[in-house]
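When the chains are written out, they are named A, B and C in that same order, and each has its own residue count from 1.
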Amino acid sequence: MVSKEEIMKIAILSKLFVGEDEIDGLTEDMDKIIAFADTINNASDEGTDFDNINNLSNVLREDEVIPSYDREKILANAKDSDDGCFLVKNIMK
Amino acid sequence: MSESKIAKLHEMLVSKEISCKELTKQYIDAIEKDNEALNAYVTATPETALETAGKVDEKIAKGENIGLLEGIPMTLKDNISTDGIKTTCCSKILEDYVPIYDATVWNILKNQNAVLLGKTNMDEFAMGSSCETSYFGGAKNPHNVNHVAGGSSGGVASAVGGNLAVYGLGSDTGGSIRQPASFCGIVGLKPTYGAVSRYGLIAYASSFDQIGPITTSVEDTAIVFDAVSQYDEKDSTSQGRKGEPVTATLKNDIKGMKIGIAREYLDGVRDDVKEAIDKAAAVYQSLGAEIVYFDLPALKYALPVYYILACAEASSNLGRYDGIRYGYKADSYFDVNDMIKKTRSNGFGDEVKKRILLGTYVLSSGYYDAYYKKAQNLRGTIVNAFQNAFNVCDVILAPTVPMTAFENGHAVSDPIETYLTDICTVPVNIAGLPGVSVPCGYNSKGMPIGMQLIGNTFGEAKILNAAWQYENAADIFKPTDFGVQL
Amino acid sequence: MKYEMVAGFETHVELATNTKIFCSCTTQFGGEPNTHCCPVCIGLPGTLPKLNKKVVEYAIKAGLATNCEIAEISKMDRKNYCYPDLPKAYQISQFDMPLCEHGYVELSNGRKIRLTRIHIEEDAGKLVHSRGNTLVDYNRGGVPLIEIVSEPDIRTIDEAREYVEKLQLIMRYIGVSDCKMQEGSMRCDVNISVRPVGSETLGTRTEIKNMNSINFIAKAMEYEFNRQVDLIESGEKVVQETLRYDDVTNTTSSMRGKEDANDYRYFRDPDLVTINVPRERVEEIKATLPELPAAKLKRYVEELGLPEADAQLLTKYRRIAEYYEEAIQGTKNPKTAANFIIGQIFRHVENEAEKEAFNINVSAENLNALIKLIDSGKIRMNLAKSTLDKMLETGKKPSELLSESDMAGLDENTLNDLCRQAVKSNPNAVNDYKNGKEKAIKSLVGFVMKNSRGKADALTAESKIKELIK
């Protein structure tokens, strides 16, 4: 069983708010999903060491500079910017 | 019989039977007319399409040779980055995001003067099997608009099936190309992991994601795959196609080819789908192929393994949407942390949030070993099981989806039931293998049924060869009444 | 009760590569905000990292220079945490398979500070807080770092100082970093706990984050040591926490609120592939390592006969050591060049940065020529010293500053004549000397030196004059 507290804890790690109205439904859904995920622990098979889908190694880049992007482009999608920087205004509410 | 639309249009352009601008205009008009019903496109780009078409016409007028994909109207799923053209992942959080660089696949096609008609609908961040988690509402099935187009590349499948594009590129993490292709009665290829560059594909689950074509014929899929399967130095996991172009061997004889059927793939599959697969096996026998039955018990863990690993990667990949550099940003907040949380909570839809939470859970301390690590080990088991399977057969035949396209609004009730629709498609992503979905029949309501051919790593040539032979012999494809009728 | 300090270091060192760790943007320090950026290093959706070859090579170099074992197989992991200076909300780092492990740095008191590991990772961007707003600059985001993690083997502040200095020296020598603490290219986190002297168990530790000056490190450790001892003595408990050192008030304070309890959720980065380090590659890199400072110091003292203090000064900067070694090529007395460098040349390089760069007017070749003139008896030390001053001013060769006659040396007859002249023209001094004023001889020798324009050997002149007066 997944508890509400656990959901709240992982919500904080995920940088998500979970509202009072959502928590019960979400906990119920998550509980189902995690119980489903848990079925892998019924596998008698301990599995095989695996960590790399295509078994490649040493794909490396030469240390050569390519000119960076114009700052205008770098900042183009930012909602707020100032002095050539990305900006987060501190709004007190 | 479904023939190559690309080859046919290429012929028409070269012989000046139609100009590229006229052709493009037909598609633009069709989108105008039919997109309301299909909701396939979320962004249309008629100006740039006509501009490219103009360039192609000039080349033809000057008597220059043009490439096979040159001037052919097409579309991209809205998670493939396009410089200067909105790329939203059909999420509120990227609603007005305009990339400043091109995805490698788009760069390749752009250089061949592909005519981009627009960006197509998808489940938000490719998380879903119906296209209904899209912030812009789901794409509809051109065989019956009361049904979903499938997902997550529902928009591409709806556009291609509805003749609003000749071909499209989708992405497939757990079935997102093959499932909507199957639902819409067309062809979709999920290439071998690493065959097509992922650079510029907005990540859902990095070790599963692959870009691939959705078309109305196997030959068109082969043509597009040959074009985009190039090694890309920007993607460390890229290898490109291995061997000669798949079009070279597409129409080879398949006498003696061993087609494997794993019993586990047929568990829980609806009768009409099972029947269609049996018929397909019979077609193969008539073509001189040999049917081999075997067991793949490892498949029973495929679905949970997929959800654990894909969500773990997703929880990390989607951490970057914090409102600071791009995308939606909450407008009132107490401090930076509050801004980030509000941005993410308002910007992501429910399914995305659920998968982020699951992914965070399985990676968090105390649960990592029981979920992430264990799933990773079982991934290894599944990889090995497939390797063994390819000792007894050349390609594996399986259903693409255990059912046909569901009705709109039907998919989102129970989370697990929804996930179960992916049961036949996820094993291929887990093992990094190529899989192609080909239409193989229709149910009593006329909704398409798809079958899947699965190959060994970099075995695209073999599965497309088997797919073409079947397509040619069985003649299943039925065009829809939407869009451009050539 | 007497307490001892138990401290370990996590040292972040920015590598001196041309480009960032996962993209081809420059790593140059400074620059207008966000002008050293591209889609990859600001984490635009869909971008992918590609590992810089040089980063792996430099990390292996750093590992070899600190006696580490180099992993045969390594990989990159994601360390997930959300902060505005981290554009992807994860830092690509190494978790359970670092490139280097089990090394050590030896201190002058013979103690070995064990290194747990050295791994590679990317730096974060920079936050500037202004008028209550937060400004983000990603120029530094993606600059390659190595993190050098030590065991809690440090017992005193002096050891801590020496440890950091040693690391700085080694990294500069092997050319993997300039280790400029004031520019942030070397930063330290210190884990510190206290225990009664003689106890073997470890106390609760605190971690002081992100210090970029050796003096601050020393002060912070001293403050924290006393704070912890006071807590224990007054019967309270040390709380395990992360601290920030404030150099204005010279105090440490807690950094994090409760909500931010970290859980980094490390997992292998699926966008990057395995790093294999074949043993031949390790040998290749080993072959490129210069003689390390410790070995050099030993050689200077044992083989060249330099006093240890001088050898220390000469080996502290690689360029100076190289300069010195070039200057003594084919000369008789290695001490002469050492004295010239430490005595005269060092007056022209005032700070650390100038010593590091060691851009001086006198080429090692010219200094070598000057010393060879002394060796061959053509000029005397005094003349050599004044010539060196001129060389430092003008950058000219000794041969351009000295005349034919300067370099002709002084023959026996001329010296004898000069000594006789000295006795003849200074009767008062001669008398003084005869009356027991030993010092009076100096003015007689001075006469000879002046009139030989410094070419005479003072000792020979003195003995000759004494002979004449007797």
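The rule we apply is simple: contacts are C-beta pairs under 8 Å (C-beta built on N, C-alpha and C of every residue); 3 or more make two chains touch, one makes a residue touch a chain.
This structure is a prediction, so every number in the text was calculated from the model and none was measured.
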If I average the Cα coordinates per chain and compare with the overall Cα mean, which chain comes out closest?
A
Compute the centre of every chain as the mean of its C-alpha atoms, then state which one is farthest from the centre of chain C.
B
For chain A paired with chain B, centre-to-centre distance based on mean C-alpha positions, whole Å:
23
So, in whole Å, the Cα centroid of chain B is separated from that of chain C by 56
Using mean CA coordinates as chain centres, what's the gap between chain A and chain C in Å?
41
Residue list for chain C, restricted to those that touch at least two other chains:
39, 42, 50-51, 82, 84, 134, 136, 263, 265, 270, 272-273
At which residue positions does chain B touch at least two other chains?
97, 100, 207, 233, 236-237, 315, 319, 322, 324-326, 336, 340, 360, 364
Residue list for chain A, restricted to those that touch at least two other chains
13, 15, 51, 53-54, 56, 59, 61, 69, 74, 86, 88, 90
Quick check on the complex: what are the chain A residues that touch chain B?
2, 6-7, 9-11, 13-17, 26, 29-30, 32-34, 36-41, 43, 45-51, 53-54, 56, 59, 61, 69, 73-74, 76-80, 86, 88, 90-93
Per the touch rule above, chain B residues touching chain C in the complex are 79-81, 87, 89, 94, 97, 99-101, 103, 198-203, 205-207, 233-237, 312-313, 315-316, 319-320, 322, 324-326, 336, 340, 360, 363-365, 368, 372
Within the complex, chain C is touched by chain A residues 12-13, 15, 51-66, 68-69, 71, 74-75, 82-90
Residues of chain C defined as touching chain A within the complex
17-19, 24-26, 32-39, 42, 50-56, 75, 82, 84, 128, 132-138, 259, 263, 265, 268, 270, 272-276
Complex interface listing, chain C residues touching chain B
39, 42-51, 78, 80, 82, 84, 87-90, 134, 136, 263, 265-267, 270-273
